[in-house]
Structures are given as structure tokens and as C-alpha cells.
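Next come two complexes built around chain A: one with chain B, the other with chain C.
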Partner chain A sequence: MKRDRLAQLRSFWSEFRQVRFGMVGVALLVVFLALVIFERPLLTYRDVNSRWRDMMYWTDSPRYALPVWVNWFTSKDYATSAVIQAQNVQEAEGVRRTTMEFPYEFKAGRPPSDVLLQLALTGQVSLTLDIVRPDGRSVTYQKNTSSSGSQVLRISVDQNLRERVFQMVASAEDPAVAASRNPKQINSVGVLFGKAQPGVFSDPQVLDGTYVLKLDVTLVGATAKLDSAKVIVAGGVSGILGTDAQKRDLWSGLVAGTKWALIIGLLTSIISVVVGVIYGVASGYFGGWIDSLMNRIYEVFVSIPLLPILIVLSAVFKPSIWIMITMMCIFFWVGPVKTVRSIALQLKENAYIEAAQGLGASHRRILFKHMIPQLVPYAFASMALAVPGAITYEASISLIGLGDATVVTWGQILFDAYSSGAVLQGIWWWIVPPGLAIALMGMTFAFIGFAMDTILNPKLRTR
Partner chain B sequence: MSEPILVAENLTKWFPVKRSLTQVVRHERTWVRAVDGVSFSVEKGEIFGLVGESGCGKTTTGKLVMKLLDITDGTLKLQGEDVTHIKGAALAQHRRHVQMIFQDPYASMNPRFTIEEVLMEPLEIHNVGKDRAERDVWVREILEEVKLSPPDEFLVRHPHMLSGGQRQRAATARTLMLNPSLIVADEPVSMIDLSTRAEILSMMKQLQREMGLTYIYITHDLSTARYFTDRLAVMYLGKIIEMGPAGTIIDKALHPYTMALIGAVCEPVSGKVNQIKDVPIKGEIPAATNIPTGCRFHPRCLYSVAECWQEEEPTLDDIGGGHRVACRRYKEIERLGNAARTSEASLGLRRTA
Partner chain C sequence: MYWKYAIRRVIYAFIMFAVIVFIFSAIFNSVADRVMRSQIQETVNGESRAWLRQGQQRSQDQFLVWKVQRQAELTRMYHLDEPLMGRIFWRSIDTVTFRLGQSTIIRSAEGSQDVMTIVTERIPRTLLLFGTVTVLDIILGVWLGMRKARKAGGLMDKTTSVGTMIVYGMPAWWLGMLFIMFFAFTMPLFPSGAMHSTPPPEGIGYVLDLVYHMVLPVLTLVFLGFWGTAYITRNIVLGTMQEDFIMSARARGISERRVLFGHTLRASAPPIVTFSVLSLLGAFFGAIIYEGIFSWPGMGSLYWQSVQQNDIPVLMGNLSMTTGLYIAGLAFLDLIYGFLDPRVKVGGKA
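And then the complex of A and B:
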């Protein structure tokens, strides 16, 4: 019996392979499953699952960075994001003074969006930052700071060095133009990485070469110490899919969301369609008062709005993805019922149903062997349709703040993009990938469903 | 041919007609009297035919015997046991003993099943055979029996991949899987090409001889009924109006309705082709909701007189040789018929002269 089933499965597979779009569906499914299985090595930010909403986790990333592959299609390259560690660290024991250098090899068509120096300090510290450009011009920034505990100090070119950068290249610009410029309103990073020539403020031309950030830290207090230091170049491009308004790496979010999309979509659609199909078939097959009763129950479920219930539930329980899936199953099973019931009403009039009854077949056998197999193609089609439905429903639940804050989902990414006005700002890399992912996920199941349809419904076969 | 395998007494099936609101308020009910008191018995090893025009209740009778419909009134006995109101396990057992061949062999098989699955189904339902290997052997044997060979070629096919005749052979094979004591064949050849009809019927007859089967053969086709059956019952509006040995019924029909049915059979024989038949019947079959009083055939009968509708409905009386007829005036009609035949014969003679 077992070998038999295996042989059946094998013959089914050999038939399935003939259907081309079915194989496309299987290929897509394999890709999604691979994304889930190899999630760890694929993630560029390992802790994305637990820290997606943690602002601190993303501080080092650029905001609204394009995907890196955009550089392949542009003549003026965007600077890539980078973290530079200190080199030439020299500590003079006696005076408690540390110097270090951060060389930045700049070679791109466009300047980065910002350059940041990030220091972790304790106690009273005096520091000097020198940025030396390839052409010899430099900017100097000095700061004395003190705190009782440890603190994180961030020095940003765009925020802290605007006026100094202006001073640095002002001599190269036409004095009249320079005078008319407000130092606080220049594109500081563009100017820092621009050639010192007339027009540097209005249309800076990039200056390639090695930029060196020299840091000189003097520890004043007895307890003072420098815990760590690094320079972050926030490029115009970052990661495979860029970043969003909260500087989050979208590729990591998308990969982490794949498993939730599969879980939400598959669990909800499979459970609700299976329940709905069995319910609808039974209702149509038995007829009479059973049918009437089942119809009334169905109507009760159809008329209850899910959203208020979810709001109440989230007030009672902690919002959880599992409660959400359960609730969606409880209310989504009604989807296929009416259609299935009408198909069942038609199917049960077939002579072979009567023939099976005549052979002594039980109701269960007639339902599960004769009627439900006919509905498999329909069931798969409605499952395929329910998958994106469940994913977007999850997204809209997140929209009213009832989403599970402990997970990352495609719907949440899409909702964040929508609410941040990504559409109006043209941040396409924030909208297209999650949208495409949801569409592809739906397509995967639609293709597999249609392929199964042609195999499981022998009459459709062209032979 | 002595012990009756099936005895039906006063078998009745009335279907309720959906009522209008006023009818519900007035507690009125109308019924479609599909089968209205039918009595017959089928002997072991016999082929019993039920003939009649469409809507006369012959298929409903078949389904009552199958217990596919609930019996409104009367009793049904299979091998001496009352099966009128059985349920559950007893009903399952009944369905193991009584099998049905349906009119449309294509519709009666699940299009998704292969022939193997179709034939396996009765065995699976009744859990017959110790393992798949044994069942496999049986399936092949039966396929050989109904002349679908080589079996391997047919086992993997779906019903739509067979010809009409092959399908009906497969459907017959399915009914044989459980070795039933009675097979109800509901117009088994009416949807099959004329050329293969005789083949199927002779196969069924051969099986009957070899395996000692008993058939109830339901048809509207008198010519195959004559060929196939041992005894015939003619039904009209839910009642048997004439019953007896097949040859007697066809050759010496006494009821005017039977005569009309026989008269309506086309004969593609030279000399009779252009003859417009004068079928001795008038009007249309009345609705089964409103059965005429007295003899139910009187509105259409050419020989009906006042007593036919004023008095009680005639009973199905034995007139010798197992020939039963439900007509008050069959003797007079017989005389009239003989006279007519004689005059026709003399007319024919004169014409040739």
C-alpha cells in the first residue's frame, strides 16, 4: 500500500513536470524556501529578527540609501557605505593621549550622504578631529566633553562641520559668490568631497583620493578613557535592497519576512480553505435541514466583522502573530463555502454519486473520495488567492497598531513605506521589493494550483 | 426457477410536491405518485423486464429495489428477508447483494477514477479480499469476463478514454465485483450505438448463464426486452398493467396499452417501411400528480367504456400461463383485434391480387 502511494506520487510528479508554468511555481517556491532555510547566512544584519524596530541598531546605516546595484546602471557612482576602523593608533603613556587615523578611499561619482565619527567615551575628554583631503586642504574640529558615566559621542560632517567645510573651500570660490552664500545652507558633504574650484557650492565636482580623518584624544580626568572609535561613511547606496526612512536594511527585513509570509499565508489559507471546502461540500451534499442550519451558521460568521474583534483581543492579549493567524482562520474559512456548496449541489446530481451510494459507499467516502477531489483545483486556486489576502490583512492589522511587534513581515514593511510617503518621495526600493515579494508569493501558489488543475482534472488534458 | 429472490408487494413511492403558501395554510398536500402499488416477484436466475414509456415509474421502481429511495408503502423482500425499512449495516449488506447498472455508463463512473479504481471501489467499500494482490487478481478476472482484454491496457484508462460499449462493459464489471444476487440494469444499452447493443446484451446474458445471475432489466425498448428477458412487466403511470412470459406479452398482448407500445415499434423491414402505423392510443400521458379514476389508462384507451372509469381500478389477474393483465375488457378487445387482423390480412391479399 505504501509503495503504491509512492508510485502514485512519482507518476504525479512526472506529469507535473510536463506543465511548464507549474514548474515556474515550484521554482519560485524553492527560492522562497531557500530564503527561509538559509536565512542566517543571507542576512546582512543578523539581529534583524529581534531588533527590527530598535532605532539604536540601525544608527550606523544611511537613510534612504539606494540598493548597491544601482551603481551598475549609473554613470556617476554613488558612494558605498562603509565602516572604517582606526589605524596607526599611538598611545603616549605619560600624558594619556591617543592618536589614530581613519583613511577613507573615496572613488565614486557622487559623495556619500554623511560621514560620522562615533566614539564611546568615559569621563572628561578633549578631542581634535582633522579631516585631510587628497588636495591637502583640511577641516579641524575640536571638542571638550565630560560625563560621569560612559557616553556615545557622534560627530557628523553634515551637522557639526558645515561652517568649517565652508571656510575650507571658500577661498577657491569667486569671492562674490562665496559672500552671497549662507554657510549653514550648503551641501556640506558634497563640498567636503568636491574639487576646490569656482562653482563648488552650487555644483560640486567630486575629488577622488584618500581622505584621512585624524583623531587626537586627550584624556583629562583620572577615570577618563576612550572605549572605542569608528568612522561611518553613510553612502548613497547600501545593501542589496537599500535602506528605508528608519535606516533599516530592507534586504535583511525582506529575508526575515519571508518565513512569516509563508507561515501567515500558508497556515491561514490552508486551514481556512480546507475547513471551508469540507463545510461547503457537506452542506451541499446533505441538503435539507442540515444545509439550512449550516447556512445560518455560515451567515453568522460572514456578518461578524473581524477587525473590532481583533481590537478587543489585542486589548486582552498581547498582540501575537499566532493569535492573528488563529483569528484569520476562524473568520476566513467562510470564503470558499458558498461557491463550494453550489458546486457540490451540482456534483451530487451526477450519476456516479448515486452509483457509489448504490455500491454502499458511506457519506464520508462519497464526500472525500468522489466530491472533494473534484474541488481540489478550486481549493488550490482559492488558497493561492487567500495567501496574498492573508499577508495584506496582516499588514492592515499592523496598520492600526495591532501587529506583532516581535516579528518582521512584508506587510509591515509595505505599511511603513506607505505611511512614510515613500510613494510620493519616489523611494521605489522601499515599495517594489515587498510588493513584488507578496505578488510572487501569490503567483507561486497560483501557478502550482493551475498546474495541479490540469493534472487532477483529466478532462482538461489535451491528449 | 422456483424460489423468488425478490418479492415486491404493493410497492409505492410518492414524492411530495413543493407547496404554495395557501396550500400550507389549508394543510393541503399534493403528491407525485411515481410508483403506485407495484407487486412482482423475481425468481433466481431469471431475467425480469420492466417496460413502459418514460415517466411511468420503472426507473423509480429500480431505485426502490436498490433502496436508493425510501419506500413510501408496501413491502420489499430480498431472499425472504424484509428489507423495506432497513438502515445502517443491514442496508450496506443489501447493497452488497443488489447492484445496479446505470443508463449512462459514462456518468455513472467518476471521471477522475481509472478503470482500476472504479472496479476496486466496491471491494474497498465492503472490505472484500484480504489484500491488494488478491483484489488485483479479481479485477483482472472480471475484466476478462466482460471481454475487456488485455486487462492491463484498460486498468490505467479513465472512463472518457473508452468507447461507449467498453464503458458499459466496465460498468457491468463493477456490478459483478461483489458477486451480487440481483442486478438492476436500468436501460443499460439505450445510450449505446445500435451496433454494439446486441454485443453487450449477449455478454450480459452469457454472464447470467455462467454465473447464475438474476437481472431486473428496465427498458423502454420492447425489441431488446423480447430478446433479453424471460418475463416482462409493462408499467403505465406507476402500475403494472400486464405481466407474463416475454414471448406471450409481445406476441399475444392483451392490454390495449401493451398493444400500443408494440405497435409503435419501428420495423425497418422492406414492405413495412412506408406503412404509417395506426397506434391504438390517443392523447398524452397524464401527470402523475393527478391519476385518472377507475382504470388509469381509460382516457387514452380506444376501447374504454363507462365502466372503465366508473368502477374500481381493474386488478392484475392471472389468465393462465403466468400471464396477468389488468383490463376489464381484454376478452372483447382480443376479439375486436382478431377481427381487425383478419380483415387486414384479407385486404393485403386483395391488394396483391
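And then the complex of A and C:
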């Protein structure tokens, strides 16, 4: 019996391999599964699953950064984002003075959106920041600060250094033009990374090379100390899929969403198809009043529009992702019932069923040993075809803002994008990838399901 | 005979609606109770403020007695004093007779807070959008499906089948977003949403403006929908072509074209209509929130609004009406089927 089943499976597989789009579907499924299995090494931000909605986690990233690969298609490259750690750290004995350097290799067609120095300090500290450009010009910024506990100090070129950057290159600009510009209204980062020549304020040309940020910290008093220092370059591009309005890395979100899409899709479809097949077979097999009653119940479920009821249930009960899957199962199981029942009505007439009944086999034995095994191929096809629906429904519910906020799903990324006005602002890298992922996942299972379908109904292949 | 069948089908639809409304009332009983109690509280508070403003002729005691009495009166009026089954029962009766209560925030165009008014003013808009899409979908889908069936297994058939699968799991609202981004902002050909320009033009311009606003949403849905219709049509037509009467028609020397469009299409029409409309019904009620993307002021947008403003009465009223429409659609389908397929009329048992 078991070997029989195995041989059946093997012959089914050899038939399946003939259907080209079916194999494409399988290949895509393998890719998605690989994304789930190798999630940890693939994630650029490891804690994305638990801290997706934690603003603090994303502070170092740029906002609305484009995907890195955009640079392959533009003539003027966007600056890449980077976090630079200190080099050449020198601590002088006695006077408690630390100097460190942060070199930034700049080679791009467009300047970054901002450069930030982030320090964690305790006590009374006086610091000097020098930004030395490749052409020798430099900007100096000094600050004395004191606090009783530890504090985080952020010095931004765009916010704190505008006037100094202006002073730095003003000598290179035509004096009349320089006098007419308001230092507070220049594109400070663009000017900092621009060639010192006339027109630097209106149309800065980028100056490639190594920019060195030199930090000189003097600690005053015994309790003062410098805990950490780093320089964050907020570039125009970041990561494989860019970042969103909350500075989140979209690639990490997308990868983290893959497993939820698979869980939602597979769990819902498997449970509901199993229930539906058993229900349909039982209804066809028993016949009579049981069949009528089961038919009535079936019709009640069929007459409820799915998405509206799921929306209202989610709005009223605010379910977790697992409850949501359960809710979907409650309404999805009707899918295969009608077809299964009609197949069961035909199967019931077979002589071996009668023989089994004559031998005194129980109903359960007949249903599960003789009838349902014959429906397994059909069940697998309907499972595959039910997966995209489940994923889309979850995404739709998330899209109106009723998703489970403890997990990251593609639908929720799209909800954030839509509610932040990404469509109006044309932030395509926030909208296209999650939707494309949903569509691709749907396509994967459609390929597999339709391939099984053509094998099961050979007369549909050609005329 | 057909009328008997039709009447029976319609009555059955009403019973089904009543049963489902009863189930809804049971599921959402506690939240409906809560909303209604707070609405009563608000009414009483409002009335007592008006009462106090009229002057202080009556004593404090009288006022309190009045307040308690009024509250009890309203509670009795809305059957909130009854046991659980009673509350569910009366709420079902209210819904079935379309007394959907008052909204908490959302108002209709005229400023009415009656949920029934709010929902019904949106029904024609939803029907207009999705009706247009259905008609276009079936025309395009059946046309493509017939072409596919004619040369089944051919290159055209195979590529369009792959097209069906590619769009199978694509959310309509996502494609809508892309189309808006592209056709309304990058290349401003169409408006990004809404039903009319503000202010709407008069006369024939009104209709043209409406059509102009409908192009993008209709285009998106048709683009996603007609593939499925084509695939269903193809399969049904291919199934019919295996029948003996087709072979005999061919044997009689009737042209292939007439066999396809005369014999096969006529025989396949009932299942094609049923399956395609059924799948479209499912797809549309699955895509109903799609309206929100295009700010199309229909029932789907009302779901967005009522969820965002947490307006439970509108949400529930909208659900009941959507369900009613859905059941009406299913009944309508059966009636068409019975009309197209003479076998249904005779026995009444399919």
C-alpha cells in the first residue's frame, strides 16, 4: 500500500515536471523558502522582527533613502550611507584629552543628505570638531557641554554647521553673490561636499576624496567621560531596498514578512481545504437529510461576503495574527466543498464502496480509506490555489490598518506607505517591493496549482 | 414554471439574509450593546441639558427621577433590558427592516446621521463602478476565452494562461496604487481619485467628468479581472466541445466558426455566465476596499472611514447592506442561469 502511494507520487512528479510553468512555480517557492530559512544571515538589521516599530532602533539610518542599485542606472551617483567608527584614537595622559579621526571616503555624484556626529558623554566636556576636506579647507565647530548623567549629543552638519560651512567657501564665490546669500538658507551638506568655485551655493559640483572628521575631546573633572563616538553619513541610498519615512530598512522588513506570508497562506489553505474536503465527502457520502442539512450550512457560509466580514471582525475584536488565520479558515473552507461533493457522489456508486459496505466496514473507514485518498491530488491543487487568496486578504485587512502590530507583514508595510502618502510623493521603492512580493507569492502558488490542475484534467490541455 | 422558480429563489434569498443577519447580531452583540448604551446616555444627557436650560422650576429630585425614567424608557425602547436572545432577536429584526440606527461620527452628504441614509447613498456609486467593470470583464474575457479555446495549446493560449496565473494573486489595490503613481503623477493623464472634479461641471460635462474619473479605477480592475474570465471561458468551451452534438454538427459540415459561436457558445453560456459572475462577485467583494485607493465614495471607502473613525454602527450597517447586496447578486445569478438553461426551470431541482 505504502509503496503504491510512493509510485503514484513519483509518477505524478514526473508528469508535473513536464509542465514548464509548474516548475517555475516550484523554483520560486524554493526561493521563498530559502528567504525564510536563511532569514538571519539575510537580514541587514537583525532585530527587525521585534523592533520594526521601535523608532530608536532606526535612528542611524537616513530617511527616504533610495535602494543602492539605483546608482547603477544614474549618471550622478547617490552617496551611500555609512556609519564610521573612530580611527587613530589617541588618549593623552594626565590632561584627559582624546583625539580621534573619522575618515569618509566620498565618491558619488550627489552629496549625502546629512552628516551626523553622535557622542555619548558623561559630565563636563569640551569638544572641537574639525571637518577637513580633500582640498584642505576645513570647518571647525566647538562646544562645551555638561550634564550630571550621561547624555547623547548629536551634531549635524545640516543643523549646526550651516554658517560655518558658508564661511568656509565664501571666499571662493564671487563676493557680490556671497553677500547676497543668506547663510541659513544654503544647502549646507551640498556645499560642504562641493568644489570651492563660483556658483558653489547655487549649483555645487561635488568634490571627491577623503573627508576627515577630527574630533578633539577634553574631559573636565574626574567624573567626565566619553562613552562612545561615531559618525553617521545619511546617504541618498541605503540597503537593497532603501528606507521609508521612519528610516526603516525595507529589505529587512520584506524578508521578515516572507515567513508570515507563507505561514498565513499555507496554514489557512491547508486547514480550510482539509476541512472542506472532509465536509464535502461526508455530505456526498451520507446523502439524505444529513446532506441537505450540510448543504444549508454550506450555503449560509457561501452567502457571506468574505472581506467585509473579516474587516468588521478585525475592527471589533482586534485579533492577533493567529486569530486572524483562524477567522479566515472559518470562511475559507467552503472553497472545495461543491466540487468534492459532486466527486464523492460519483465515487459512492463504485462497486468497491458497496463491497466495503457489504463487508461491514465502518463509515469512517470508507470515508478515510477509500474515498478521501482519491481526492488527495485535487486537494493539493485547491490548497495551492487558496494560498494567494489568504495572503491577499490578510494584506487587505492590514491595509486599512487592522493588522496585528506585533508582527511585520507585507500588508502592514503597504499600510504604512499608503498612510504616509508614499503614493502622492512617488516613493516607489516603498510601494512596489511589498506589493510585488505579494503578487509574486500569489503567482508562485498559482503556477503550482494550475499545473496540478492541468494534470488532473488532461482534456483541458488541448482540443 | 420559470416564475415559480424565480419566486422561490427570491424568497430563499430573503430567508438567507435573515439567517445571516441573525448570526451577525449574535457575533457582534456585545459591541452593539455597548454602542447603543453610550448613545442612549448621550441622548439623555443632551435632553437634560435642554431641560435645565428651560429654567429651574422643578426640583433636583424631580429632575433625577425624570432622568432615570427617561433612561429606562429608552433602554426599553431599544430592547436593551431583555435577556441575551431577546436583544439578538430584536437587533436582527431592526436590521432586516433596515433600521440601522444612528452613526456616531460619519454623516451623509446632507448631514444626516441615519446609517441607512449614509450607506444607501453610496450603493449606486459602488454598483456603477463594479457594474461597468463586470460588463467589460465579461466582454473581454469571453472574447479572449473563445480565441484561446479555438487554438487550445497554441502559443496565444499558453501565453495568456500564464498571464492569468501572473495576476492571480495580485492585489487590485496595489496595482491601483502603481497606476495612480504612474498615470496620475508621473504622467498626469488621469485624476488621482474621487468621482468628480470640484465643483462638478453641469450637463453633459458632468457625465464626461464622471467617465474621466472612472477610467483609471475601471482600467485597473478590468486589467486584473478579464484574464480569469478568459481562462474559465476557455475551459468550459473546451469541455463542451467534447460533447457529441458538437461532433455531429461538425460532421454535418457546419463551418468551424458557426460551431464555435453558434453551438458551443450557446451551450456554454449558462456556466460561463455563472462562473465568471460568481468569480467576479467574489473578486469585487474581495476588492471592495480598493475604492479607498481611488477615493471613490462607495461602500468600500465607507469601510475605511468607519474603521478609521471607529464608527461601529456605520461599520455594522455597511456590513449588513453589503451582505444583502451579495446575496441579491447570488440570487440574480441563479435567475439568469435558470433563464439561460431551460433544464433548471422544469424540475426546480438542479
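Here is the rule we use: the second predicted complex is superposed on the first by the 339 of 463 C-alpha atoms of A that agree within 3 Å, B and C clash if a C-alpha of one lies under 4 Å from a C-alpha of the other, contacts with A are read in each partner's own complex, and residues count from 1 in each chain.
Here, contacts are C-beta pairs under 8 Å (C-beta built on N, C-alpha and C of every residue); 3 or more make two chains touch, one makes a residue touch a chain.
All of these numbers come straight from a predicted model, not from anything done at the bench.
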Inset, instruction - Would you sort A:Gly421 into first (chain B), second (chain C), both or neither based on which partner it touches? - result: neither
Inset, instruction - Would you sort A:Pro198 into first (chain B), second (chain C), both or neither based on which partner it touches? - result: neither
Inset, instruction - Return first, second, both or neither, reflecting whether A:Ala351 touches chain B, chain C, both chains, or no partner chain. - result: first
Legend entry - More chain A residues in contact - chain B or chain C: C
Legend entry - Which superposed partner A:Gly435 touches (first chain B, second chain C, both, neither): second
Inset, instruction - Determine, under the contact definition given at the top, whether A:Gly287 touches first (chain B), second (chain C), both, or neither. - result: neither
Inset, instruction - Share the list of chain A residues that count as touching for chain B in one structure and for chain C in the other. - result: 457, 459
Inset, instruction - Note which residues of chain B are touching chain A in the complex, please. - result: 66, 68, 91-92, 95-96, 99-100, 102-104, 107-112, 121-122, 125-126, 132, 158, 160, 174, 178
Legend entry - Of chain A, residues touching chain C in the complex: 21, 299-300, 302-309, 311-313, 315-316, 385, 387-389, 391-393, 395-396, 399-402, 414, 418, 423-424, 426, 428, 431-432, 435, 438-439, 441-443, 445-447, 450, 457, 459-463
Legend entry - chain A residues touching chain B - in the complex, by the definition given at the top: 1, 4, 350-352, 354-362, 365, 370, 373-374, 456-459
Inset, instruction - Flag every residue of chain C that touches chain A in the complex, lowest number first. - result: 16-17, 19-20, 23, 27-28, 31, 149, 152-153, 161-162, 164-171, 173-175, 177-178, 180-181, 185-186, 192, 235, 238-239, 241-242, 282, 285-289, 292-293, 303-304, 306-308, 310, 312, 315-316, 318-319, 322-323, 326-327, 330
